[in-house]
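In what comes next, chain A is part of two complexes: it sits with chain B in the first one and with chain C in the second one.
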Partner chain A sequence: MPDTQALVNDFLNKLKKRKIEGSQATAKQTAELLRSVISQTRMPYTNQASALIHSVKAVGERLIAANPVELAVGNVVRRVLHIIREEDLSLTTAAMAGLNLSAESDDEDDTDRDNHPALSAAAIAAASRSTLRPPSLQTLLEDVPDSAAVPHTSSSGGDSEGKSKSADKSSRSRKLKHDVIEAVNELIQDISTCRELIAEQAVEHIHQNEVILTLGSSRTVLEFLCAAKEKKRSFRVFVAEGAPRYQGHLLAKELVTRGLQTTLITDSAVFAMISRVNMVIVGAHAVMANGGVIAPVGLNMVALAAQKHAVPFVVLAGSHKLCPLYPHHPEVLLNELRSPSELLDFGEFSDCLDFGSGIGAPLLHVVNPTFDYVPPKLVSLFITDTGGHNPSYMYRLIADYYSADDLVLERRTASGN
Partner chain B sequence: MGAQKKGATARVSEDPEELARHPLQAILLADSFTTKFRPITLERPKVLLPLVNIPMINYTLAWLESAGVEEVFVFCCAHSKQVIDYLESSEWSSQPNFSVTTIESHNSISAGDALRLIYERNVIHGDFVLISGDTVSNMSLTQALQEHKDRRKKDANAIMTMVVKQSKPSPITQQSRLGTDELFMAINPVTKQLLYYEDKAEYSKGFISLDKTLIADNPSVILHNDKQDCYIDICSQEVLSLFTDNFDYQHLRRHFVKGLLVDDIMGYKIFTHEIHSSYAARIDNFRSYDTISKDIIQRWTYPFVPDVLCGSSAIKVERQGTYRASERCTIGSNVTIEGSYIWNNVTIEDGCQLRNAIVCDGVILKSGAVLQPGVILSFKVVVGQQFVVPAYSKVSLLQQPTQQDSDEELEYADSTSGTGELRSDKLNGDIAPDLSETASELGTGGVGYIWTVFEGAYDEEWRHSVAPIPTDKLVKLMLDKDEDEELLTQDGNVISASRELKTDSDGNGSEDDDNEDSRDDYVSFEKEVEATFLRAVHENVKVDLAVLEVNALRLSYNMASVDCGGAIFYSMMKLAVESPHNSASELHRNAADIVTTWQKLLKSFLHDIDEEIEVILKFEEMCLESAKEFAALFPQILHLLYDKEILQEDAILRWADEKEGADESDKVFLKRSEKFIQWLREAEEEEDDEDE
Partner chain C sequence: MNRVGLQYLAGDLSGGNARCIAMLQAFQEAIRDYSTPPEKTLTRDLTSKIGGFVSFLIECRPLSMSMGNAIRFLKSRIARLPLTLSESEAKTTLCSDIDRFINEKIVLADKVILRHAAAKIRDGDVLLTYGSSCVVEMILLYAHELGKQFRVVVVDSHPMLEGQKLLRRLVVKGLSCIYTQLNAISYVMHEVTRVFLGASSIFSNGTVYSMVGTASVAMVAHAFRVPVLVCCEAYKFHERVQLDSICFNELGDPDAISKVPGRVDVNFLDNLTDKQKENLELLNLKYDATPSDYISVIVTDYGMIPPTSVPVIVREYRKEYLLI
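Now for the complex of A and B:
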């Protein structure tokens, strides 16, 4: 336990100091940390799930508080909680069904779950699950039987049915923990592969001789564009520079080295150029439950321009960016105000920030918000690692990943630890 | 060393940078060794004073931690117990990869002593960061460190890298922003070597002097007055041993840096590293406390801003950059608070008014109390009802110390004179409020002593206080600067361009200003000429030399020779008036003597008739204004000048002709000298006749 404590403190520190950049890295590290927390948690004989939930919540709460702006932390914490609940549920239902399955199918299913059709036990577990909660979005959309849907929902956290065969009371305690850790591993896997999964879909969206516009820099966008390029699609990219951090410059450089036709424009030129653009593709900081996007500053303007010219506005987001909260939620700190020095040089303007003369208060204020909010009606399509989604379906997608009990973390575990 | 290396290899995995070979160390001086924050610092060390709700030292430690420093030695002196207790109870004692060690001392009175003590402990093993506990920064050390190391490799004498920051070269920004004096630095632009450092330049002198070898040794030197010293230094071990070798080094800048630059000890060199986009500043006095607080609220120090540092949701940044925090303060109704700092547990009753004040923990302001700008209320002071605390006063429960206590913060340079002055004040009974009557001092029910400000320091008060600089002071400051600049521009013969700029920036840019300017110039020129002349008279300088000197003055002030003639004549006549005389005839004789002795000087500036007329006009003016005694002698002196061939008759006649058309009042002297002119005219006619 002291080991985890040190790890937690270290991670907390990094989060606080804003040392981890990017939600993917944050999400991955959060998941890894929670995994070690789970593995270190002592399991009581009864009520194991709630013990796990308690310890994860205690850590999660601190992580979220350390950097409330990085919503990916909260997302991962909630997903891990959801995994614990799901695993517990599966175990319970399996026990209720009185099934006792052989160990060898367990192993087999663990190794290549994605390729094999689900076993009958899994089907039973899934069926029992679906009686307890509404069917998943995927199931509804594709109208396939539950059993076949299991591979698709592998990332939905509720994919561990296969492992939940043992209802043996004596081995249950280890079983639950083991299952949870397995599922968390899978989550980590999902997070690290989400970019590839998103990029795989690129050819379906980018067509020959199209013009794509993006703003700022996002790794996901970069890989998405490069994937299309590798598939021999020839297209052009307009990159808006993304003031004040000008990460668009870096993106443009990167795109050029990969051999893409690139045009760099200023942010303010977006409206002027939008009529030539076939599609806007951008990354996101977080996707809210209503389908709204928290994105780098400037994107709202781009989205409005795209709407005016009926250009599709596509947002790429890994599933760890899906946040179960609504943007009006008080827990969501929508913005982070960064240092004004990104906008202007302190030395040059130090006379404007002179508090000694005049009224004592500076006449010049420099505000540098990091994020923008793009309302769902301006977004045409979300591309996540599970495929393309309409903004209005986001809440259903999110319901697959999170359980409603975990939406408000802080208040319930205020006395935790 | 072996242990060192082991530690380093363990960390390599986290920090692949080269600088991880030695764990990077830092010395944090948790004491500023000054008294600028008194009376607050009598009860609590400066580094623990809240800066936007967080003790100052936290900003420094957080920055060091994020900059990759792994081992910090906190040097505590004043209130060392409090600092140590705080650090032990804070999160800093339990950080992985970041150790905070305290070093306690009770008899160190300066940074020099502190560094000597640290050297004795032998805890520093490589390059280290030297910083004081009141510095706020968010700069990245990596580059500065790398530069420092690279330089060290090439030149083992490069022992220190000083971090400087560009600031607007406005002449008053330094003072009005941070309350510090203007700083001059000479830096070699190529090597970034610091060649000259002066933070106490005297304005009265209006110039600074550089050693000429500086210019001889360096192909180019840039003299900066727009750099701000961040008081963050990257030092090599040698710095510590230097302090030990030179036991009289006390102040880091005043003694160490200047000593190194001036004395050229062992050829050691100091370099600078300029930061551009990041922030760094040191809280030196109340004004910089105010300024840096506001900078933090404006998030210049991001990510070291309260909502990030605290981590908890206690402080959140809201709209317009307002921070809201629960402070357990009680504030009554109809209270006006402007630009003030109110710490914890403060009770402010109804109808109080606070302007630009610092109110420490536990203060109670009874109803109707008024704090004028710049007031400092130390811990637990009670201000009585309706009492008005005068501007810039400092109030504390403790009496103003009259003795130096050795474990207190002391300004070694000024302390002796300061307290001496204070004591004499006491003896003379000059102190306005009587210290024995505590109750009445702060109104009814008030508790605390108002500290007296001794004479010399009063001037500093407005400069260092939290209140904005009063406009009259600001204007004065500006004027001082302007004058300085003017002198500079004139000396350098760079005239019209800057002049024009200045009047433009004045906003009205009218003709008036320009005339005024040249008028002022002329007056000062005249004074200079007079001084030169007097010196020539008293020291028996040869006429040729005097001519040369006046000519030099003329050039430097960009005056015409007309002005010179006038000025010299003016000085001569003034001398005549000032030299002792009893009657008009004696005065005449005086004047005659002087004119006779110095006629050559005067003559050498009177090349043509216009200039001679100018002299007459000048004389006329004098008779009317400064030397009325000459009024009666006007024709005689005129005659004298004619006799000595200083004035030609043409000049006098022309003057007379010009005056003919003037007002009656202007003709007073013309009438008086009518006879003389008449005589002149007749003489001329005779000559003409003879010619024919």
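Now for the complex of A and C:
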């Protein structure tokens, strides 16, 4: 598959060099790439789902390793794996339901049963074996279940059944790929429209004469506020500038262009101003399984101030940002340190860098983290494209989008290989 | 007097102590050059002259609390001058009073604060400070001279960026420093063992009035259970009470927010249209009020006191300098 390899390498390069801005763009491109990978995968006669999963996992691990801090990549990979498992399961249950019906109606006409030719019990057993089994102790200890299973199933059927089975399997394999690709297309569509769905809920939360505080810049927040403005709600916005990237300046410019009353304040003034604010609305980089938020730096300080003054702290996040992992030491493990030149000018401070203590280590360290972790108890509400949720509910949404088998994507190498 | 006023305006002179000392020395010069016009009493005329100077200074930049207290001290001294004194004797008395005030209330007070605070620094500590406070800088350098091994985290904020000046002075003396900006305090606070803050004034309900952003630092330190020590001379205490930062504050230059020095890639707010300018307001607050529950202890020249003892000091010791 030279074509997809080139695409994959190109995307890996972009991820490593941090060329893609924003989790929505990253998620969309990841999904499109995985769609190409799926359409290029060769499907064997049996265990198609495992083949698909294998090829998606192989690419997915490399993508995640390229940028481990961008959690949207891992989320989309796991979503696609979940889609494959679900489609496979629904096809098998449909096939088995079809078989049961045709078994009951043996006397009836077979012409309308073209899609589900009558098969013997052995074929039913083979079909159920080829679907993915839930993890049991045996499957966990097996390293490569696919190749071992292939001769097993093919030996179980007789020749005549083999022919009808293979005809059925090839149509099933085409159907599986087709269904998976359709579902991935839906996923891409969902990722693209998540901001509109979130913005639709703006009117429920913003009343008249409100004062809203935000920090830095988030396109989701921008659309949210503009949707409320369009529905004729009157409110004013305090935007904290969000050093050292100063994205708050950008957001303030956008808001005034659309006619919203905006006040730009410094980050240091957030505690001073928050007593006069009705609500804090911010975007997130990622939402973890415990309801904690990985957010742009400075938001933990804002969340603490909001809690002190009993101001609701609302986080807007599309469902592609929901990560099934629990955060362990997120300030260090899920953080990126940016260049110190954003804080200090090297030219001015070059003389300070010459002084060394006895061991020769530099005396001056500059720390410039990108993200902050906000614990779930400081968040009042999550607004996602599926509606509003409490932080304690986020772990349930994981069951909708992800399968338990996919949470750890790195495979152990087998002792024999 | 003009020179001092212009220095305030230009922002060259900043920090409560520096401004107060400069103002008092300017008053000393003005008093030495003063001569009573005929048919006027020294006390009333001098008081009105001082009032004139004060208005000029307010035009340049609103007074800080410490300056307000110093002016009240001076006016009360003038009012208590015995009428039997000749003009030259009155002038020398006033000048020596001003010298004593500066010496006792600022210079010696700082020395006492140094000794108290340095006792609270242990080897292996990581100390955090915000902005540039002259008292905290003295404490850090003093503790370093005593031979204590510690690291300093200097937290800074836009637009003043005062922390960079402090950083340079500390690194030159050989202290190991970490520099960061205010948004990253949750990231660094994990390692910090003590927070030292300066204050412009402390009110009678224990609220600390200081550079904007101090309240955020104290709040995050409190959330991470790190002790917060505020170092402040007693002459800066005031009998006002204040609950939040909005009721009484000083506004700085709004354009200072839209400019980021040294970084051309983030000048988003250049070239705004009129319509945009009409909806956009730039707010540059200079001070904020830190609630007393975030403060562990206040280090003053009267010792280390909890925030609840501030009104006691204001009441008991305020009479003292009026009776010098």
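Assume the second predicted complex is superposed on the first by the 328 of 417 C-alpha atoms of A that agree within 3 Å, B and C clash if a C-alpha of one lies under 4 Å from a C-alpha of the other, contacts with A are read in each partner's own complex, and residues count from 1 in each chain.
To be clear about the criterion, contacts are C-beta pairs under 8 Å (C-beta built on N, C-alpha and C of every residue); 3 or more make two chains touch, one makes a residue touch a chain.
Keep in mind that this is a model prediction, so the values were computed, not measured.
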| item | value |
| --- | --- |
| Clash or fit, chain B versus chain C on superposed chain A | fit |
| Touched partner set for A:N290, first chain B, second chain C, both or neither | neither |
| First (chain B), second (chain C), both or neither touched by A:S350 | first |
| First, second, both or neither for A:R338, with chain B first and chain C second | first |
| Touched partner set for A:Q40, first chain B, second chain C, both or neither | neither |
| First, second, both or neither for A:S50, with chain B first and chain C second | neither |
| Touching partner for A:T263 - first (chain B), second (chain C), both, neither | second |
| Winner by number of chain A residues touched, once chain B and chain C are compared | C |
| Chain B versus chain C as contact partner of A:N13, first or second or both or neither | first |
| Which of chain B and chain C A:T92 touches, first, second, both or neither | neither |
| First (chain B), second (chain C), both or neither touched by A:N368 | both |
| Closest approach of chain C to chain B (Cα atoms, Å) | 7 |
| On chain A, the residue positions that both chain B and chain C contact, one per complex | 342, 345, 348-349, 355, 357, 361, 365-368 |
| Touch list for chain A against partner chain B, complex | 6, 9-10, 12-13, 16-19, 65-66, 68, 333, 337-342, 345-351, 353-362, 365-368 |
| Touching residues (chain side chain A, partner chain C) in the complex | 241-246, 249-250, 252-253, 255-257, 259-273, 275-276, 297-298, 300-301, 304-305, 308, 331, 335, 342-345, 348-349, 352, 355, 357, 361, 363-369, 372-373 |
| Sites on chain B touched by chain A in the complex | 62, 65-66, 94-97, 138, 165-168, 170, 172-173, 175-177, 179, 226, 276-279, 287, 290-291, 294-295, 298-303, 308-309, 311-313, 316-317, 320-321, 338-339, 356, 467-469, 474 |
| Residues of chain C defined as touching chain A within the complex | 156-159, 164, 167-168, 171-172, 174-188, 190, 211-213, 215-216, 219-220, 223, 244-246, 249, 257-258, 260, 262-263, 266, 268-269, 272, 275-285, 288-289 |
